[in-house]
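Both complexes shown next keep subunit A, but they swap its partner, so subunit B is in the first and subunit C is in the second.
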Partner chain A sequence: MALFIQALVTGLLMGGVYAAYSSGFSLIFGVMNIVNIFHGELIMIGAFTTYWLYSLYGIDPFLTLPISMLTVAVLGYIIQRVLINRVVEAPPMISYLCTFGVHLILANLALLLWSADFRTVTTSYSGVGFSIGPITIPIARLVTFIIAILTTFGIYWFLEKARYGKAIRAASQDKEMARLVGIDIKKVYALTFALGAAITGLAGGLISTYFVIYPQMGLPYTIIAFCVVVLGGMGYIPGALIGGLLLGVIQALTATYLNSGLSVAITFILLFIVLVLKPQGIVGKGIVE
Partner chain B sequence: MKFLKLVLLACVMIGLVVPSISLAQTAKFKIGCALPLTGVFGRDGNLVKDAYTFWAETINAKGGITVKGKKYPIELLFFDDKSDKAESAKLVERLATLEKVDLILGGFGSDSVFAASAISEKYKYPMISGGASSNKLFERGFKYYFSTLGKATEEVRGCVEIVQMISPKPKTAAIIGSDILFTSLACEGFKQYAAKEGIEVVYFELFPLSLDDYNSLLFKVKQKNPDIVLVGSHLKVALNVTKALKEVDFMPKLVAFSYGPTVPDFVKSLGKDSEYVVAAAEWAPNLPYKDTIFGTAKQLNDNYFKKFGRYPDYVEVASIGGALVQQWSIEKLGIVPPVKEADRVKLMEELHKVDAMTVYGRIKFAPDGANVDHPPIAVQVQNGKLTTVFPKDAAEKPVLYPAKPWKERK
Partner chain C sequence: MKKYGVWIIVFVCLVFLPLLKLEGYYYRTLCGILLWVGLASAWNITSGFTGYIDFGAVGYFGIGNYATALLMTKAGIPFFAALVISGLISTFIAVFIGRYTMKLRGVYFGIATLAFAEAVKQIVLEFDRTFKVTVFEGSHGITLPIAHDEAFFYYTFLVVVAGIVLTAFMIDRNKFGYALKAIKEAEGSAELAGINTGRYKVSAYALTAFLIGILGGINAYWLTYISPLDVFSVIHTIHMIIMALFGGIGTVFGPVIGAFVLSIANEVIGAKFLYTYLLMLGVILLLVVIFLPQGFIGLLSLRRFKK
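Now for the complex of A and B:
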C-alpha cells in the first residue's frame, strides 16, 4: 500500500513538472494555432539561465526564476515579432517549418556557446525532501507542482477575466472581428507568445535543480509537451494540468508495477488512443480542426 | 580569344601544380575519427576528442611520426556522429572513401563503434577504440577491430570484487542499468561477479535511455532495501541515478557505476552529493605505468591538467594508448603517407603481434581484438577526488563503507 501511495505521489509530482512546462505550449497553440517545435529550447534556455546565474554568481535557483522568465519571455517576444508573425496566418506546414528552423538554430547556438556538457544545479538543498510516514516528498518537485497549479489557474483567470486576456481570446476566436473592434492582433500574438514563453522559462529554471540539462535536451521536452497537451485537450489551458498529472500518474504506476521501459512507451500509447478515440482530449474541451 | 584561352590554360596548369606542391611540402598522416560530439554521449565523445588531440599535439611537438628518420606531422579530422550509430557508420565510410584518410581512430560508445567498425573492417582500416567495450564487438571474427579496454562484463569486476575488502560483507544487491549494448552487458557482468561473491541479486531492471521518471524506479529499489546498488551507466544515467537516489532519500551502503563518475563533470556538477560513489576504471594515475612519449602515468595526468584544466578519464588514456601503439607499429613497419591498402593490411597484422608497455598500461590484443591485460580498478569519490580503492595493491585509500545516509550528511 505504501508503495502504491508513493507511486501516486511521485506520479502527481512528475505530472506537476509535465504540466509546468507544457502549459506555455498549450497557450501558444490555443491562441495562435501554432505547434511550437522550439518549445523545448525555451525550457533549455530557462534552465541554463538559472544554471549560469547560480554557478557564476551563486544566486539561489529560486531567486533566479524571475530572470529566467524574463529572459525567455523577451526571446519569445522577439522571435514572435520578427518571425512567427509573418507565418501565423499561413498554412500550418509553414509554421512547423519555421519553428523547426528556430529549434535547430537555438539548439545549435547553445551547443556552440556551452558545449555538449551535462550540467545540473546542485544546491545544499538539492534533492532534499520530507517524509510523511513511509512517503517521501522532494521539496523542489513539490514547489514545481504548486507553481504548475498556480500558473494554470493564473492564466485561466487572466484569459477569462482580465481585459487583455479577453482580447487574446477574442483574437483566437475570430481574428477578423477582433481586428474590426480595434484589437492589434499582431501585438496580441506577440504578448501571448511572450507570456507562454515566460511560464516555460519558469519551468526550465525549476527543472534545472533536479534534472540534467544540456543544449540538446529540447526536443524530447517538446514531444512530451505535445503528448501532455493532446491528452488534456489542445488549446484548453487547464488541459495541460490535467494531461500532465494524468501522464505522470500513469507513468509512475506503470514504472512501479510493470517496468520502466513500458512507462516511456505508455506516453505514446496514450497519445495514440486519445487521438483516435477522443481527439478533443480527456475532458473534451480541446480544439479540433 | 587566343589570349583568353592562354589565361584559361595557365589557370588549369596552376590548378594542377599547386596541390602537388602543397602535397610535396606537407606529407602528413591524415587521421580521421567519427565521435559523438553532441547528443546523449556528447560529453563522453568530447573527452575522447581531447585525448586524440593531446596525443597528436604531443607527437607534432616533436615534429610528427618518425618513419625511417623522417618526420610526418599528424592532421586530425573529427566528425560528429551525433550519438547516432547509423551516422557513425556513414561518417567512417566517408572517411575511408571521400576523405581518403590514412588511418582511422576508434570512436566512443559501443553501439556506434559496433556499426562503425563494420565499415572500417570492410575498407580494411585498423580501428583501435578506447571508448567501447561491449563483448559483442569481439564476437564477430573481425580482424581490423581492436580495443584497449577490457570487455564490458569484465570491466565492472572491480566494482563487485571490492566487497572482498569489506566487513561485514554485503549480502544483497540491486542491479539497474540502461538497456543499450554496453550498459546492459555491464549489468550482466555485475550479475556474474555478484554470484561469485555470494551476493544475492534482489532486484534487476533495465530501462530505456529516454526514461524521465527515475524516482519511481528508485523507490522500487528502495523498497527492496539492498545492501549495494550496481548501475550500468554512462555519464547522464549516472547523474540521473545519483540525483534520484537523493530525492527518494535512499543511500545503499555502496553504490557503484559502470561508467560516468570518472568523467570530471560528475563530481563537478554533483559536488558533495557525489561522495562515496564508486565507479569502474581501467586506469589510475597512481599506477606504475610509463612510456617514452608521455612519461609516467602521473606525468600524463599532470600534463593533461595543464592543457585542459582537468584530469583525464580512463577512457581518454585508453584512447591515447590505442593511438600510440598504432603509431609505433607504423614507425616499425616504415609506413609513410599516403597509406595504401596493402600498408593497412600489414599494420593490422602487426597490431595483432603488439605487446607494449604504455602510459595506459600493457597493451596486447587477443585474437578477437580485446586487450588481454587490464586490472579491475575501482575508484571512489572521497573528498571531491577520485581515489583508487581497488585492487588492494593499487589502492590509495581504503574504501569508505558503508556510505553515509543522505540525511546524516552536512
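Now for the complex of A and C:
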C-alpha cells in the first residue's frame, strides 16, 4: 500500500511538472491554432538561463526565475513578430512546419554554443525532501506543483477577467469580429505568445533544479506537452493541469509495477487512443478542427 | 514523353554506372542517396498527394528493418522473401493504423502518427526487458549476416527506388491520384463527388507503408546492424519531410531532386558538422515554407511560365 501511495504522490508531483510546462503550449494553440514544435526549446532556454545565472554569478535558482521568464518571453515575442505572424493565417500544416524549422535552428544553435554536455543545477537544497510516514516528498517538485496550479489559475483568471485576456479570447473566438471592434490582432497574438513563452520559461527554470539539462532536451518535452494537452483538451487551459496529473499518475504506476521504459510507450498508446476516440480531450472541452 | 527523357537517361546512366569500377565509398554514398530518394518519394505518395503530413513514416521504416532482420536471423528466410513479407507486415499495420488516424485532420493526424512511431520504437526497445524474452534484443540491436558485394545492394536499391518513382509517376496521372489530389484540395467536395475518401486515404497510406517497409528491409541487410534508436529515429521522418518540401511536395520528381540535393549536403556537411547541417536544414525549411511553398520544382515551372 505504501508503494502504491508513493507511486501516486510521485505521479501527482511529476504531473505538476508536466502541467507547468504544458499550459503555455495549450494557450498558444488555443489562441493561434499553432502547434508549437519549438516549445521544448523554450523550456531548454529557460532552464539554461537559470543554469548560467547560477553557475556564473551564483544567483539562487529560485531568484533567477523572473529573468528566465523574461528572456523566454522576449524570445517568444520576437519569433512571433518576425516569423509566426507570416504564417498564422496559412493552413495549420504550414505553421507546423515553420515551428519545426525554428526547433531545428534553436536546438542546434544551442548545441553549437553550449556543446551536448549534460548539466545540472546543484544547490544546497537539491534532492532534499521531507517524509510523511513512509512517503517521501521532494521539496523542489512540490514547489513546481504549487506553481503549476497557481499559473493555471492565474492564466484562467487573466483570460476570464483582465482586459487583455478578454481581447485574447475575442481574437481566438472570432478573428474578424475582434478586428472590427478595434482589437489589434497581431499585437494580441504576439502578447499571447510572449505570455505562453513566459510561463514555459518559468517551468524551464524550475526543471533545471532537479533534471539534467542539455541542448537537445527539447523535442521529448514537446512530445510530452502534446500528450498532456491532448489528454486534457487542446486549447482548454485547465486541461493542461488535468492531463498533466493524469499522465503523471499513469506513468508512475507503470514505472512502479511494470518498467520505467514501458511508461513512455504507454504514454504514446494513450495519446493515440485519446486522439482517435476523443480528440476533444477527456473532459471534452478541447478545440477540434 | 520528351519531357521525361532526362529521367530515362539518368536511369540508364545509373544502370551502367558500376562499369566505372567504383570504390566502396562511392557505392555506399550512391546507395544512401537512392535510399533517401525512395523514402522521400514513398512519403510523398501519402503526404504530398493528399496533404496529410505524416510525422510517423519512420515507424514503417523501422518495422521493415526489424521484420527483415528477424525473419532472416530467427526464421532463416532468404532475403528477398523476407523483404516481401516485411512490406506486407508494414502494409497490414498501416491498414489498421490508417483506418483510425486518417479520420483526423491536419495537425492531429501529424501528432497521432508521431505518437504511433514513438510507441513502436519504445515497444521494440522495452519488449524483451518487460516480458523477459529474447525477440527484439532491446537496445543491443540485431546483427545480420554480412553478405554480397556492394553492387548487389546498389542494384537492389536502384530497382526498388525506380519502382517507387514509377509508381508515384503513374499515380500522378491515374484515377487513384486524381482522387488523392481531390482530397487535398477539398475533401468534403471530393466526398460529395462520390469519391470514397476514407478508402483512398487508407490505400495511399498503406501503399506508402509497403514501400517504406521494403526500403527498411534492404537497409537492415545493407547496414548489417540495426538498433531501435537508429532505425526509428524521428530525424528520418524530418528528413523525408524536408526533402519532399525542398524539391516540391506533391510532385513526382520534386522529392527525387530534394532527396538528391540534401543527401549530398548531408554527406558533405552533415558527416563533419552535424549540428551546422541540422541548423541549415532548419533555415531551409523556414525559407521554403515562407517563400517557396511549391519547392524547387515550383521555382522551375515559374521560370518556364515567365518565358
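Definition applied: the second predicted complex is superposed on the first by the 289 of 289 C-alpha atoms of A that agree within 3 Å, B and C clash if a C-alpha of one lies under 4 Å from a C-alpha of the other, contacts with A are read in each partner's own complex, and residues count from 1 in each chain.
In the analysis below, a contact is a pair of C-beta atoms (placed from the backbone, for glycine too) under 8 Å apart; a residue touches a chain by one contact, two chains touch by 3 or more.
From a predicted model like this one, the values you see are computed outputs, not experimental measurements.
Asks: Once the shared chain is lined up, is A:Val82 touching subunit B (first), subunit C (second), both, or neither of them?
Replies: In the superposition, A:Val82 touches no partner, neither subunit B nor subunit C.
Asks: Can A:Phe118 be said to touch subunit B (first), subunit C (second), both, or neither?
Replies: first
Asks: Mind working out whether A:Leu63 is in touch with subunit B, subunit C, both or neither, as first, second, both or neither?
Replies: The answer is neither, since A:Leu63 touches no partner chain.
Asks: Does subunit B (first) or subunit C (second) touch A:Asn259, or do both, or does neither?
Replies: both
Asks: Based on the superposed arrangement, let me know which partner A:Gly11 touches: subunit B (first), subunit C (second), both, or neither?
Replies: It touches subunit B, and subunit C stays clear.
Asks: Who does A:Tyr214 touch here: subunit B (first), subunit C (second), both, or neither?
Replies: A:Tyr214 contacts subunit B only, not subunit C.
Asks: Per the contact definition in the header, classify A:Leu97: touching subunit B only (first), subunit C only (second), both, or neither.
Replies: Second partner only.
Asks: Report for A:Leu150: first if it touches subunit B alone, second if subunit C alone, otherwise both or neither.
Replies: In the superposition, A:Leu150 contacts neither subunit B nor subunit C.
Asks: Show which residues of subunit A both subunit B and subunit C reach, each in its own complex.
Replies: 111, 259, 261, 264
Asks: Under the definition above, what is the set of subunit B residues touching subunit A in their complex?
Replies: It is residues 37-39, 42-43, 45-46, 179, 205-208, 210-213, 215-217, 219-220, 223, 235-236, 239-240, 243, 246-249, 265, 269-273, 406 of subunit B that touch subunit A.
Asks: Looking at the complex, which residues from subunit A come into contact with subunit C?
Replies: For subunit A paired with subunit C, touching residues are 35, 83, 86-87, 91-94, 96-98, 100-105, 107-109, 111-112, 219, 223, 226-227, 230, 258-259, 261-262, 264-265, 268-269, 271-272, 275-276, 279, 288-289.
Asks: In the complex of these two chains, what residues of subunit C are touching subunit A?
Replies: My answer: residues 51, 53, 100-101, 103-108, 110-112, 114-116, 118-119, 122-123, 125-126, 129-130, 234, 238, 241, 245, 275-276, 278-279, 281-286, 289-290, 293.
Asks: Along subunit A, where are the residues that touch subunit B in the complex?
Replies: Within the complex, subunit A touches subunit B at residues 3, 6-7, 10-11, 13-14, 111, 115-120, 122, 126-129, 131, 136, 138, 141, 210-212, 214-216, 220, 224, 248, 251-252, 255-256, 259-261, 263-264.
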